[in-house]
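Note sheet for the following structure.
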């Protein structure tokens, strides 16, 4: 950590700051300039709350000089993480993965039709929501575990893996037999108890970026899971909240190259939640692949307009097939396959 | 709901939209203008996802014309809600309540000193965190239920009520004997399962606005609790995330008059989280009272710089006493007491 | 316009709102529901400030039902606008244009080297800043018209067109002989006097989206130029301000398909300003082309680290050449050329 | 400046960064830790673009350690700036100033009525817009200099000073005889040419914070004016753009104590633009005074609903009188007068 003192800071103030730094366990080097003193704290500070130094008298700025995360940092695995699944599918390698399915699991027939479509398009993952967090208490809340079983059957019948959102610690055990990849939704990105429990499970986790979360905070959340011993974490950019209202969220595609630079974890692009509009999904999916996404997650439904949830952003099956064909061309153009 | 069609929309497109509207259970009135057709859907739409109409061919805009919340709306209780506690204390009346305490419960001695200070300052509520959600997995995570018992003892000894954050459904039962007011933190504002469970408990809930939540979403979250039968909900403005970095969050004080207009629920101002800086707490607390806050929530600690969490925004006890005296003057100026 | 009244609105309130609507020149249709009255105002409202109806007693919501812009709307030219330049170059057609150059014009040698590089890469436009708006008054402020002459000479020698930012009405006439495409910077997107003057000039305008501007506001600003008779407007997405700090701005690539849907105007992607980081320019340029950008604008410099301004986001010439080759593959993948 | 290198940075990379730092004119001190090297650059860096160091190979973070502004900093005038006007009125002292008037000057009668009302309420400044920047080209654009003359006459007749917005360098000279305080609007906060010209004028400037501007950027813009020799700058918080739509902007009142801490310049609160809603003006004006504002700026009109611009946020004259009486009580409560 670096503490830059104000130009008119007194020696008493400087000494008080040095004492406070030393108490956190760092060694302090002081550089006295013509106008200003700089205090460099050398040592482990990832569990120190730096903001408390900002309000000490005489302090101008406080800056971190080391990453607040360790296991998630690129340096921990410079070659990058490839998450492997039971059937040999991978996320994080040269081949871009396809994750698709309905927002909500609605019926056996619905998931069977969709599973066949995902398989036919060359996809590996069937995603469907069993528990639905809805902003209105009066909206459809999901089929629960019975729905998840339907998803699992449909996936098995088509050689696919399942992805479903876990919202509560208590759901983990019930979901485990039917879930190949646990999704943590944007609203739970900082549900640290849930993350900690998922760190103890030996099952990959798809961690979605929160609506108001910085990329650094996303990496810190992944650290919660990894610090429990579960290194199979896949990140997901799904849009952040900004002042723009033409799209439901603002898909921050620059998160993809930023994560690839700062971390070894794979990152998925989700143009469905990222835009909230069916007609924007294909162009933004193409952009995500061009920006380097390791997988694409999209919502599809044979009767999209009548989907129980997220209808506006759900693709019809023929739109999905057409889009996958286009994505394949983009993948080739960036030296990958799909 | 109102659907405004594009100027060049075809009759087929208009008919398809009318059909989709009728299917959701509303009656449709069509106004055909020189250039544009307008479709008004009359009937209950609070559980309809309007965005799915936005992507239908030929549609220009879709607008809601009734509030998405019912129980939280001003119309439900025009006279306003006053939440009463066991010892007669109230939030939502002419007298402004004081809620204060440490970010984290650290020891018996710490909470005893603070409880005496809150009592002496005329406060009614002792707040302290037993379970700490921290963005870094390496930071202090709280004392848990044993800490909460210490808080409860200190409150009892001083005739105060306790406020503490609940982060998990499983914690509710354990916390119930020691908690007079359950706090739902900003990160859990849309943890709908937790909200639903709190709706079944007969204990008041302090619901904090999420970092990226609109005021409408805050009211929708309160609706989750109220729809379970628990009408004792108190809202809290604690800052939203914006591009400004001089303060930790941007305290949106206009939320106070907006909530008073749209809803009957009381609203609390939290200048500690709202600014993240000790030196900004007093001016923003004064501003919150001036804007009409029904209570003030502040973090205090006898040794603020050494608090286990949120040290930068925690007031020393003498700073708190001085601030309360100033707030009392502001309260008088706006025709209230404190 | 649609005015939705509150459920408890009185007849007097409804009548007062109807009167206020009629005064703006619209015809009012009233729909009286079981609980709520809806007032539809039919007629021209693009010059009516709808927000004044929001604060009338008894009003719940006010919504616009027609686009606030006319000339910029897709309906005005469904086939799309192609801007043609003197030498036959075009922006808005199947071929994606390349606009590149230094942030600041620094010397004859600098612009000559860059012009040759842009030409060799297949580019059509040489861009360079003569007047530099800098957030610090102590930073380099640009070479002015003498610099622009150097840019023009270099462009002419290589068969390129020039692009340069105009910051003041008084600069238009001086810049006219040397500028083929006037750039309006993000900070001037709502400098309406400047836009109005540019509407009178017969020279294409590149209008950059403001840091805090919605896409609707960008289109309204283009309407200012077009309403003066100058229809050769090209829009530019260059990043918006959000809470994320890993990149200088957040490049909102969804603006590209949104503009293509709402408007007939071409739109350019600017990954240099959009990210502010040299290492993020290539992936985001690829993403912009994949999302449908009609041109790419990038900052390049033979000695990028020593550029007088925007050094961090400026590509070295070899990085630029490599990137263009990659973009060409993406262009092919989306059925275009570059 | 401080450059923190990555843990795996090579000696070559470190040397290259040191060379680049030395070239900017600073002296470099290197601290070599067990894992990481830290480079401290001591010397003047206010005109150095630090971001260019962020993209050098091996660099982790780059931080500024001195304020980017000098003249605007608190240290330049620790006692604070009081701006004095010709008639003895002051802004920045213990007495809080009142600035009020219509958004647009509409007629002699209108400004005369308003001037008398401002005077009666104890105000010192009559504000009115002569040139109106409107987001739609079809909206009312202002009366220009003839309107400003009407404003000046009305002010003179009532012993008030005039405040009006300047939008163009070319307007300065024409406005000078009739303008006691030049307002720079939010959209022009970074119109650096205009700021520089105002730095040469000996007339106070009211500088409004931009919609997407940080407080640091606001202070840097004030530096532009001050560096020309005009130290009579008054800042204004008028709301920033966030995701919240219940209010037109989000009034960031914490800017008031932040500016008072970082700078010696006075700061004004503008609850009219800050909320955009008449019914929110009074509570937020009270909050602004409680937070320490040095003046209050409000829009008033005898026939507010029919104001040519900003009608929704304009107070009726009786609402204004009532609010001033309330503000007086708050001013007393914070130890000031009004």
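Going by the order they are written in, the chains are A, B, C and D; count residues from 1 in each one.
Basically, a contact is a pair of C-beta atoms (placed from the backbone, for glycine too) under 8 Å apart; a residue touches a chain by one contact, two chains touch by 3 or more.
On a predicted model such as this, the values are computed, not experimentally measured, just so you know.
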Neighbouring chains shared between chain A and chain B, ordered by label | C, D
Give, as an integer number of Å, the spacing between the C-alpha centres of chain C and chain A.
-> 31
Rounded Å distance between chain B and chain C, as computed from the means of their C-alpha atoms | 38
Could you tell me which residues belong to chain B and also touch two or more other chains?
-> 212, 241-243, 245, 279
So what shape is it, when you link every pair of chains that touch: line, ring, star, complete or other?
-> complete
Please name which positions on chain B make contact with chain D in the complex.
-> 212, 214-216, 240, 242-247, 250-258, 261-262, 274-275, 279-280, 283-284, 286-292, 326, 329-330, 332-334
Which of the residues in chain C end up touching chain B in this complex?
-> 2, 4, 6-8, 29, 31, 33-36, 38, 40, 42, 60-61, 63-67, 75, 241-243, 245
Using the touch definition up top, name the residues of chain B that touch chain A in the complex.
-> 20, 46-47, 49, 51-56, 68, 131, 133-139, 167-170, 187-188, 190-193, 196, 210-212, 217, 220-221, 223-224, 227, 241, 248, 276-279, 305, 307, 309-313
